[in-house]
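In what follows, subunit A forms one complex with subunit B and a second complex with subunit C.
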Partner chain A sequence: MYSSLVRLQNTFGFFTTVAFVVAAIIAASDLLAPRAPVVNTLEANNVQVATGRPHYYSNKKEEYASIRFTLDADLSSLFTWNTKQLFVYVTAEWPAAGSENATNQAVIWDTIITSPSADHLMNVGPATMKKLRKSAEGKSIDPSRGKISLKNQRPKYQITHPSGKLAEIDDVVLKLHYNVQPWVGALTWNQENLDVGLWKRLKGGVSEKFAFPAIKKKKEGGEKAKV
Partner chain B sequence: MAEHILDQIRDVAEGQIDFEGQRLAELTVNLALSIVGAIAFFVGYFLQDIKLTVFVALGGTALTFLVVVPPWPFFNRNPVKWLPVGGGIPPQNLIMGDKAIR
Partner chain C sequence: MFSNVQPRQAAAQLLNFGLILSTAFMMWKGLSVITDSPSPIVVVLSGSMEPAFQRGDLLFLTNRNILQETDVGEIVVYNVKDKDIPIVHRIVRKFGSGAGAKFLTKGDNNVADDTELFPPGKAFLDRTDMIGSVVGYIPFVGYVTIMLSEHPWLKTVMLAIMGLVVVLQRE
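== the complex of A and B ==
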């Protein structure tokens, strides 16, 4: 500590140690914040299967399912001071035909919910950004953003299967998943059937079973090019 | 003349402090940064605002740098007392080899 340069180096060195320890404590403090996410409603409303091509210049015909759904969920307890953003996604899942342990799973819809502290990271246009920032003006956290209410929502992604066949499959369910992304600490996903300390499992994140219908008939009489 | 000025500049840039000052500087750094870290965490936790934690921690650290890095006078209150140049009177019966030195 005899010269300015040495004092600069020592001070910075200890600062990095302090920063690391504080970050570790912040990450650990997440365990003290109770999580009790609830899904009140999750159901498929309107399921359609149609044939289509993976891209314009493809000769391959595949079946695509479009699942409209209704979702009412309260994930507000996931928003603490250390939450940067929450990734919420809905998957359709059904058992694989013929085999025992495989499950098919495909995402049909997702969204990113930011904390007010992370609004500036959202990839949206200036008008939406302004609205987003205004929605939580003066607030450092905004748990009310965790309340999701969607009615007959159109899916973001139409799903298919490697085999190209999707019609007339039974026992399909919709599942809600989430991924908490903190400022400091580990990513955590929803617990399906395990309570960890104050973090309760996601209540009611699975819809009732439904079936993919037969392929939608085309208007100009009869289906051609069936699989 | 120029050499004299250069020496002065070098002294200021190097910023040496005495031994007691070094002990004090080290104590200050460890205490101040630890306290700043604790305050930053609690402010952020109780006000539920992580940006506040970052700003408090960075601000406190900057302040610590300001207090500790420059050679402030209070780090130089116990200067080392060197023996005078030339040594003054040589000891009476100093013998080197066979010869007594006057």
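== the complex of A and C ==
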């Protein structure tokens, strides 16, 4: 029975099959693109602990830490034709009291690096958007965006702890992580200590250990909280 | 057209229709068992994770921690009590580990973290609040379900069309 309904059904069925196969091939092509991300420098510059209300919703005063840091990394090999955006984030990690393996982790800074083909999706003002588009005019892949160089960067987020205590804690490290988000396929994160096929582990990426200092004076803490 | 439909044939068509529905249901539940998640595939409903995820994109979840624990940087889907809509956000803080770990999430596109979304008195999420973390992504395919829930009459139309097709197709 070759009614128009059956023809329509077959056409649509064939279309979806082809679309899914193409999508699967694109997703699989990720594995063929070598990745060799490198962190040249990651260090904490200026660590301060203060008492105050770090968030607008804080209902009680608590200790919070603010970590300025320097980062120099080359993540350009992560940009391929299937990369929609790269989410780069720096965490501070310190051991949790009570258990040996447990840690506390908090993101202190993050950024979204889009591929030029995803620029139009960014949530930024028109001026920034114009600049962003101009920076990669005519290119659909721009690996140079993966080069990050920050000096004495102010953190985006203040760190707190549920206990409200943060001062004088040792063995804090900064770590750089990334999350590659594709146009289609699997989301991937940095491999900490394992090479997978052509994907090399993130070289460097962990800072030297440092300590949260004692609390700064109250007045300065109040000023900081406004930032 | 319907006058010459035999009772036996009508019954077979009804069975066929039931088979299609139950196959879909079994596949969904099977995926649920494999991923240990009550909802292994979700559709993005808001723009809080833009530009990575937009409305209508399809996300594949897994709720198992085979290689490692749920960690900072993962994008998780969680349900807050008394709210029907699951939220897809990234973990930005994790205190402790194991069953007692406390999590805080934030949408990449949001300025503030999710503390305001949690019920009063709850400052952190537990692992049990989450129904999975995102492992795979297909753009746009889920937009159909957004259309269906925003225009309920489409559901009726679709069901009617499906029923008609099954009845009319006798081969």
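The rule is short, and it goes like this: the second predicted complex is superposed on the first by the 206 of 227 C-alpha atoms of A that agree within 3 Å, B and C clash if a C-alpha of one lies under 4 Å from a C-alpha of the other, contacts with A are read in each partner's own complex, and residues count from 1 in each chain.
Convention: a residue touches a chain if its C-beta (ideal position, glycine included) is under 8 Å from a C-beta of that chain, and two chains touch if they have at least 3 such contacts.
This is a predicted model, so every value here is computed, not measured.
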{"item": "Side-by-side fit of subunit B and subunit C on subunit A, or clash", "value": "fit"}
{"item": "Subunit B versus subunit C as contact partner of A:Val21, first or second or both or neither", "value": "first"}
{"item": "Contacts of A:Trp189 with subunit B and subunit C, given as first, second, both or neither", "value": "second"}
{"item": "Contacts of A:Ser29 with subunit B and subunit C, given as first, second, both or neither", "value": "first"}
{"item": "First (subunit B), second (subunit C), both or neither touched by A:Ala106", "value": "second"}
{"item": "Per-residue touch tally on subunit A - higher for subunit B or for subunit C", "value": "C"}
{"item": "Touched partner set for A:Asn10, first subunit B, second subunit C, both or neither", "value": "first"}
{"item": "For subunit A as apex, the angle formed with subunit B and subunit C - C-alpha centres, to the nearest 10 degrees", "value": "40"}
{"item": "Contacts of A:Asn82 with subunit B and subunit C, given as first, second, both or neither", "value": "first"}
{"item": "CA minimum distance (subunit B, subunit C), superposed complexes, angstrom", "value": "12"}
{"item": "Footprint overlap on subunit A, comparing subunit B with subunit C", "value": "1, 5, 183"}
{"item": "Subunit B residues within the subunit A interface of the complex", "value": "13-17, 21-22, 25-26, 29-30, 33-34, 36-37, 40-41, 44-45, 47-53, 57, 61, 64-65, 68-71"}
{"item": "Residues on subunit A engaged by subunit C in the complex (per definition of touch)", "value": "1, 5-6, 9, 23, 55-57, 84-85, 87, 89, 91, 96, 99, 101-107, 110, 112, 114, 118, 121-123, 157, 161-162, 177, 179, 181-187, 189"}
{"item": "In the complex with subunit A, residue positions of subunit C that touch it", "value": "47, 50-52, 54, 71-75, 90, 92-98, 101-102, 108-109, 112-113, 115-116, 123-124, 134-139, 165, 168-169, 171"}
{"item": "Subunit B-facing residues of subunit A, complex", "value": "1-5, 7-8, 10-11, 14-15, 18-19, 21-22, 25-26, 29, 80-82, 117, 140-141, 183"}
